[in-house]
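Note that the chains are named A, B and C in the order they appear, and that numbering of residues resets to 1 at the start of each chain.
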């Protein structure tokens, strides 16, 4: 029942968004914003092309590496700061400051270090994603109820057993939450990097299309990324809810 | 300052110090990063010369406008949505997924529609910050203890009086969290937009400085942004935590 | 009040001159939470500790169990000293909800036993047995989030029960429950005590609960906690909550309150000595 209602609500939201899109299109015209139907037609033609495949692949590769970095480094920092109280207390405001900083201001430094290569985009994407992962992991560890640790000692678990069978399951839901936010931010970071200074990638395609007044391509690529982001987020949300249901 | 505060200061100071030494010793290429002391010097000179004051004013003006619009509109929309539970339920998936979308993919679309002016930049700022304010408003209104309405009726208070003297103060900490997020998101969105493509503004001149290999100017401006962003966000964050602590709300 | 008249093998656990001082956090004074305390627990007895809030009852339990080290004095369990580790044979039920949210009731109960190397068949037997005993058999596949507070505490008790402890410590296990549920849970604890033939130490702030359940009751002073008096109740082993109707019950609670009244005022902040 709830699932059906949620699905209906989602469809309603999508329908409204499509209507708004169409209305906006009527208002501003083809050169500025093509309507939903021509966009879909373009999408069908564009997706199978080599040009799309190359650029999508470039973005995917950068994103994938950036994501692995975000998760690995974020987890490490988060675990360290969660377990080692002093480091956590010292580092948390620093991480929060970095989180609220417009990291694009640091992008030129990244470019100067890495040049216009993929590594630069990977680094920039990771810079965005590492922070929520670290902060949420740290919080997850800090929020482990003290009584869990006392119980583990009462049940005479070894340190390894405590970490594997108590600490890990207790922190997983929040860590996955961090992964989900990290996913979105890493994607944003990689795309921003591509939009500013790249010759490949979906971000580049959007800016390039705009500059060449190819509105259809611009909107189509944006749509592809939009759908990808939403689908991935929905998947991670399902995982998160599965885990939260029991907690 | 607490012991933790001193340690933090020491950590940051050491990091900056190491950077300074590495640059001066030539361990880090001068064409990549300039020493922090030079950054400060460049910034001061730039500010004194007044060359970029109009750009600074423009950017901060757009940010301020974005903040004001997002806070007011976000609050208003939040109040309306909160009063219409069915609408809220329908919009729930929208809000849950909003920040999963890399919103900058629509920036070129905005430019295509509105032209290369301050408007698409402002729109990006509002688009990024608005939903955060709506969500914060909804949260704040949710967390008004139901008992307050009963207390108001016991004291025979009218609707306006109840809203202004009980409900708003009760929701205030969460609303303030919303404002904090709005400021942070507006800043990020406006700067990023100016960086990618803009006729003018701080982000634009930083990217120009990068293209022109003018490291001094570039780092001076980056420093300015970092200092301002950090100061503003930290102040809001501290206020947020302090007010929350006073209420007994545990915030992260 | 030490029982020097009892032979040593009858003393299951003992505390001699035990003190616990918490080192102060950065910039704060150390807190003298407990002691010095002397106590001998007889094998198989039901001993309750009562006292005002903050007097160190929980600290006493944790030092006895090996969860915290004593700052001074010795803790002996079954003839061996207890340091900073929980010895085998001790089971603890905490005040807070210690059920693991990601495991079913059955898996929760089996948790400690599984990791102690017992065969899977034996695990099944003991867990089924414990869950039946605690009245949780129908909820074996449920998750703790679906249960009430009282039921979750029963899961924690079941988890302890399967390990067949010889010494069970309960730290205000029914603190969060309403009065009627507490009375019923009191009977459950008595059944548990008789079934396992173990020594039980119960921490509670409810005088009537202590008077109803225990063989002996230790009344603790305000912080730093010391035993002011140890009261013998003399109840028969086969008892239940109907003994509250007996005159002796009133006498015991009255005597406890006489001892503790002044201490409770102290812990509330009256009479000069601040509690927390």
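Operating definition for what follows: a contact is a pair of C-beta atoms (placed from the backbone, for glycine too) under 8 Å apart; a residue touches a chain by one contact, two chains touch by 3 or more.
Every value quoted in this text rests on a predicted model; they were computed, and no experiment measured them.
When every pair of chains is scored by its C-beta contact pairs, the maximum goes to A-B.
Farthest chain from chain A, judged by C-alpha centroids: C. Separating the CA-averaged centres of chain B and chain C is a span of 52 Å. Chain A and chain B have centres, each the mean of its CA atoms, that are 19 Å apart. Per-chain CA centroids place chain A at a distance of 48 Å from chain C. Chain A contributes residues 145-148, 150-151, 153-157, 161, 165-166, 169-170, 172, 243, 246-247 to its touches with chain C in the complex.
Only residues 62, 65, 67, 85-86, 88, 90-92, 94-98, 100-103, 111-112, 115-116, 143, 145, 159, 163 of chain C touch chain A when the two sit together in their complex.
The touching residues of chain B, counted against chain A in their complex, run 4, 7-8, 11-12, 31-33, 89-94, 96-97, 99-109, 111-113, 184, 187-188, 191-192, 195-197, 203, 206-207, 209-210, 218, 222, 225-226, 229-230, 233-234, 237, 252. Interface residues of chain A facing chain B in the complex, by the touch rule stated above, are 5-6, 9-10, 12-13, 24, 28, 31-33, 86, 89-91, 93-94, 96-97, 100-109, 111-113, 135, 139, 180-181, 183-184, 187-188, 191-192, 195-196, 203, 206-207, 209-210, 215, 218-219, 221-222, 225-226, 229-230, 232-234, 237.
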